[in-house]
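In the two complexes that follow, subunit A is the common piece, with subunit B as its partner first and subunit C second.
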Partner chain A sequence: MKALQILIDGFAISSLYGLGAIGFTLIFGVSGVLNLSHGAIMVTAAVIAWAAAGSLHLGPYLGALCGVLASLAMSFATYLLVVRPIQGSTRIPREEKEIFVLTGTLLWGIMIQEAIAYAFTSNPKTVLPLIPGVIYILGVRTPMQEILTAVVSWAAIGLLWLLVNRTRRGKVLLAASINPRGLTILGFELGDIHLFVWGLYGVLAGLAGVLLGAFLGVSSDNVGTLTASAFSIVVLGGLGSVTGSLVGAYVVGYLETITAYVVSPSIRTIPVLLLLVLVVYLRPQGLLGRR
Partner chain B sequence: MARKSHKQALGVALAAALTLPICAAQAADPIKIGVIAEVSTISGAAIPKAARLAAEEINAAGGVDGRMIEIVEYDDHNSAADAVRAFQRAASQDKVHAVIASYVSEVVLALEPWSGRLKLPMITPGAASDVISQRVHDDYDHLKYTFHGYLASTFIADSVCDGLKVVGAEGLNMKSAVVMSEDAAWTIPLDAEYLKCLPKIGIKVLDHIRLSPDTTDFTPIFNKIEGLKPDVIVTGISHVGVQPTVQWHDQQVPIPMIGVSSQATSSTFYKDTNGATEGVIYQTVSAPEVALTPKMIPFTNAFVKKYGVTPAYCGYTSYDEVYYIADAIRRAGSTDPDKMVAALETTSWQGTIGKVEFHGRDSQFTHAMKVSPEFVSGLLVQWQNGKQVTVWPSAVANGKITFPSFVKLPGK
Partner chain C sequence: MKSFAIPVLAALLLALLPFGVSGYVLGLLTLAYYFGVFAMSWDLLFGFAGEVNFGPSFLVGLGAYTAALLNHYQNWPIPVCVICGALVAVLGGLALAVPALRLSGPYFGLVTLVAVLLLQNALVLFAGITGGEIGLDIPDIISIDESTNYWTALGFMTVSGLILFGLSRSPVGLILQASGQDAIQAAALGFNVTRHKLAAFCVSALFSGLAGAMLIFYMGTASPGTVVDIGVGVQVIIAAVMGGRRTILGAALGAIFLIVAGELLRPLGEISTFIVSAVALLVILFFPGGFLGAALHRGER
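What follows is the complex of A and B.
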């Protein structure tokens, strides 16, 4: 019974982690940016979804849509206000640009976190479940929202796969992550590609944020942990590898869930962090990393 | 002739000019009360708001012997370190005469030695740890400047047990419980007392879970509790609230939750949990529409009118504290710290939550609030249909206990 509970609970959490991590890894792979404001963007989506559904009385579905739109806006803001100006700056030496972007996104994330705490307090918010109620899976009582989380996460991942592998736009994205210079030689506008990937990222992070908000609830205090979590998953799976992120998400999700059930919920993140140390030590490129 | 009268006139004018500002300054010298709180939390935000309301009322009635009350606010960002810096600034730069500080025990415990070092009277409107007042007893000469303006955890636990005896053991035939508390300073004495007082009312404690305040996924915890099949979950949560409550509801855990849940005391909790708090019973010292004291409802109404939400529990105590600090200063005739402490010790103030008096040196809990039906005592309140309904004690109860359908009650 417990094993089944762990299986189901772990699956939902892992799918959620996967959705968030894929966005994170896309930005790194295509745009070369380790976006440390990732957690902040997810929390923005969740909090706006909660606010829209509640204070504006828009209901759960429109609320969720508002959340994703907010995340999209925040993602573009991150790119246009923080990342692109630093990347295009003539005063920063090329070798130092990555560090500046990293620090910039980190500080930007903190700014967003404080703004959320100021506007909404740091009390956790829960997004109204899109489907209330529970269902019994082989005797394990499971909230419908948990099943929805897994379904939506996988639908999004599936759509993303289709986009990258079957559409021209997606293939250009893939090419940009492999050889951006080659792409410009072929006449593609890199600026458009960057905007496209940040937009895509905004949607993915927004979905992940709204689902997390409905599943567990989020607070501005969670910003750092969410970014760290995505970072760990992506390093484990291999920076830049979408499949790697997915695998990493499931490893992390299940490791956390098993620890919480079998050992203690208070130390659920410790085995993951130890694993991260091992991976960085033994196989720094991650499970499926390319570089 | 003209020169002499000129000189006289000049002399008078000079004398007047010299004395007038001094008179004016003395009359306008405000009483400054520093308020250090966790402004970005639901409970903490109520502290400065209530203090401001009290100050405005006192000033509108003429102040304290003509002196106006000025509230100086500081946000400690849930950090003891920030709180200490704020306290130091309040004392040395802003020169406040008293401090109302925090609802977090860890913060208050960090401020207590500073209250002693800087000889600045400090009262907490919401922290609960017994250690706060025990320290005053153990080191009175240094720490006498600290007052515990809320119930100590041990008394809170006793209050929960008193209520559970009537509504749980007798009313619902509850025989077993699991204690579920966050791992924090204030719950150490709380849980210790729960473990003692629950068996005394006929409820066996099957397990005692202390969860990390950083927990976001409570599923494994509820899963474990459900496996033990208790009749009730007795809670001790304050820093967490929204997530365990929402997850309890979403997962339809069939066991009622009764105990301390500080966040549930504010009206925004229903919105924050999207109604998942329905059926949760929490201990408190105040409730909407309950005239526990003549001042309770007028204060609640004034707060709602000014700020749009009902005050969290520490709003009531913060409001009372401004009043009885002013009262102590009036009785002492001075803002000298030692005189203020002496006056505060003889406080007997009819506040919003009851009669406020403090224990003296003879008690183990020096400067803790007296808790009994004569002074301040507790209520059990349940969220029903978006409203906070008082269910115990029966003298002030304005509703019957009802639980959501997924909660299974022990058979009679």
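What follows is the complex of A and C.
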């Protein structure tokens, strides 16, 4: 009984983690940017969805759409206002661009977090479930929203796979992650490709944020934790590897769920942190990473 | 010679402040000076050894909590507690140095981040001993007199600044800088990169730990929110980058600015952090060299 509960809850939370982390790893793979405002963008999506569905009476579906659009806008803003100016700056030495992008996106994330806290308070908010109700799977009480979370996450991941592997646009992305210079020589504008990736990222992070808001609820205080968890999942799976991120998400999701159910919810994250240290020491490229 | 005059004059002016300003300002600056040492130690590691340490508060927290626990449970005198705290921080620095020598960039960054999270979790998990989120009260404090506290902090920052700055301008600092920028070439020139980086970690940890331990004896309490939380580490990093990387003294300047600006904007409520972060972001975007970098650059031209 408990095992089945862990299996179901763990699956839902893991697919959500996967959806959240996949955009993060995509951006790193294609443009080499670790976006530390990731958590803030997810929270933006959830809070806007909550506000649109609640205060503006748009209903859960339009609300969710508003949330995703807000995340898309925020993602473009991050790229155009923070990341691109740093990458293009001539006054920052090349070997230090990385730390500047990290610091810049971190500060940007804090700004978003504080703006949300100022406008909507930092109280936890739960987005209206898209499908209300509960069903019983072999006697385990499961909210419909939990099933929807898993379904939507996997649908989005599937669509992303199709896009990257089956369309011209997507193949360009793949090429950009392998050899950006070669792509430029072939006449592709790298800036456009990056803009496209940030757009994809905005949608993925927005979906993840809205689903998270409906599943567990979010507050602006979660920003740091969300960024840290995406970062850990992605490093665990291998930076830049999409499959690796999914594997990482399931390892983290199940490890947390098992710890919470079997040992105690208060030490939920500790085994993950220890595993992370171990993996980084023994296999720095991550489970499925390439160096 | 002219460049020497400014910091000496500034230090003298700051030392005279207790005769002119209120205790409230002194208290604020005391805090800022300890933060200045955190930021300078971080700059030695980042600006010179090229190691991006996301967890300066791991080293600070180790020093602070070691000192706090020893004072709370053993009632050891303050200097002994501070020294023990610094030594434990050095051990922590060595623990970070081992992965740093094997990993690069984001991987090392993540390890340092995880170190902070683990320390914070451990403190909360053993709340019975450490006081958990609320913190641990400390029976001894440095002094109840604001001026004494102020001079202690100022003196400590000045001495640390002199040592760290001197170190960064010494041959050892140059070798460190070389290993940070191109480890392979530095090794090819016959320098022992590993030993120099280890030394940088030890020195950075030593001063972080000292400052952390002294800070809690000033505040009279040690809590995760003030010495361990990731937010504290983020502030240290922002201070150092804003003040100017590779300048050591700029880091102290950045820390003082950050603490004072945060306090001045406090009446605005939650939006104050927003403004401070926005200013920091603008400095990073438009003056990547930081305050001191911009000033020095102008001087050169």
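Throughout what follows, the second predicted complex is superposed on the first by the 291 of 291 C-alpha atoms of A that agree within 3 Å, B and C clash if a C-alpha of one lies under 4 Å from a C-alpha of the other, contacts with A are read in each partner's own complex, and residues count from 1 in each chain.
Here is the rule we go by: a residue touches a chain if its C-beta (ideal position, glycine included) is under 8 Å from a C-beta of that chain, and two chains touch if they have at least 3 such contacts.
What you see is a predicted model; the values in this text were computed from it and never measured.
*Asks:* Since both structures carry subunit A, what do subunit B and subunit C do when superposed there: clash or fit?
*Replies:* fit
*Asks:* Which partner chains sit in contact with A:104 here, subunit B, subunit C, both or neither? Use first/second/both/neither.
*Replies:* second
*Asks:* In the overlay, answer first, second, both or neither for which of subunit B and subunit C A:266 touches.
*Replies:* both
*Asks:* Is A:30 in contact with subunit B, with subunit C, with both, or with neither (first, second, both, neither)?
*Replies:* Neither partner.
*Asks:* Please indicate which partner A:124 is in contact with in the superposed arrangement: first for subunit B, second for subunit C, both, or neither.
*Replies:* Only subunit B is touched by A:124; subunit C is not.
*Asks:* So, A:49: does it touch subunit B (first), subunit C (second), both, or neither?
*Replies:* Neither partner.
*Asks:* Is A:277 contacted by the first partner subunit B, the second partner subunit C, both or neither?
*Replies:* The answer is second: A:277 touches subunit C but not subunit B.
*Asks:* Pick out the closest CA atoms of subunit B and subunit C after fitting on chain A and give their distance in Å.
*Replies:* 5 Å.
*Asks:* Just which bits of subunit A does subunit B share with subunit C as contact spots?
*Replies:* 117-118, 122, 266.
*Asks:* What part of subunit A is in contact with subunit B in the complex they form?
*Replies:* On the subunit A side, the touching residues are 2, 5, 9, 13, 50, 53-55, 117-118, 121-129, 132, 134, 141, 143, 145, 216-217, 219-220, 222, 225, 257, 260-261, 265-266, 268.
*Asks:* Note which residues of subunit C are touching subunit A in the complex, please.
*Replies:* So the residues of subunit C in touch with subunit A come to 46, 52, 99, 102-103, 105-107, 109-111, 113-114, 117-118, 121, 124-125, 181, 230-231, 234, 237-238, 241, 245, 269-271, 273-274, 277-278, 280-281, 284-285, 288-289.
*Asks:* Across the complex, what residues on subunit A touch subunit C?
*Replies:* Answer in residue numbers: 34, 82, 85-86, 89, 91-92, 95-96, 98-100, 102-104, 106-108, 110-111, 114-115, 117-118, 122, 224, 228, 231-232, 235, 239, 266-267, 269-270, 273-274, 276-277, 280-281, 284.
*Asks:* Inside the complex, what are the residues of subunit B that reach subunit A?
*Replies:* Going by the criterion above, the answer is residues 40-42, 45, 78, 183, 211-212, 214-221, 223, 241-243, 246-247, 250-252, 263, 268, 271-274, 276.
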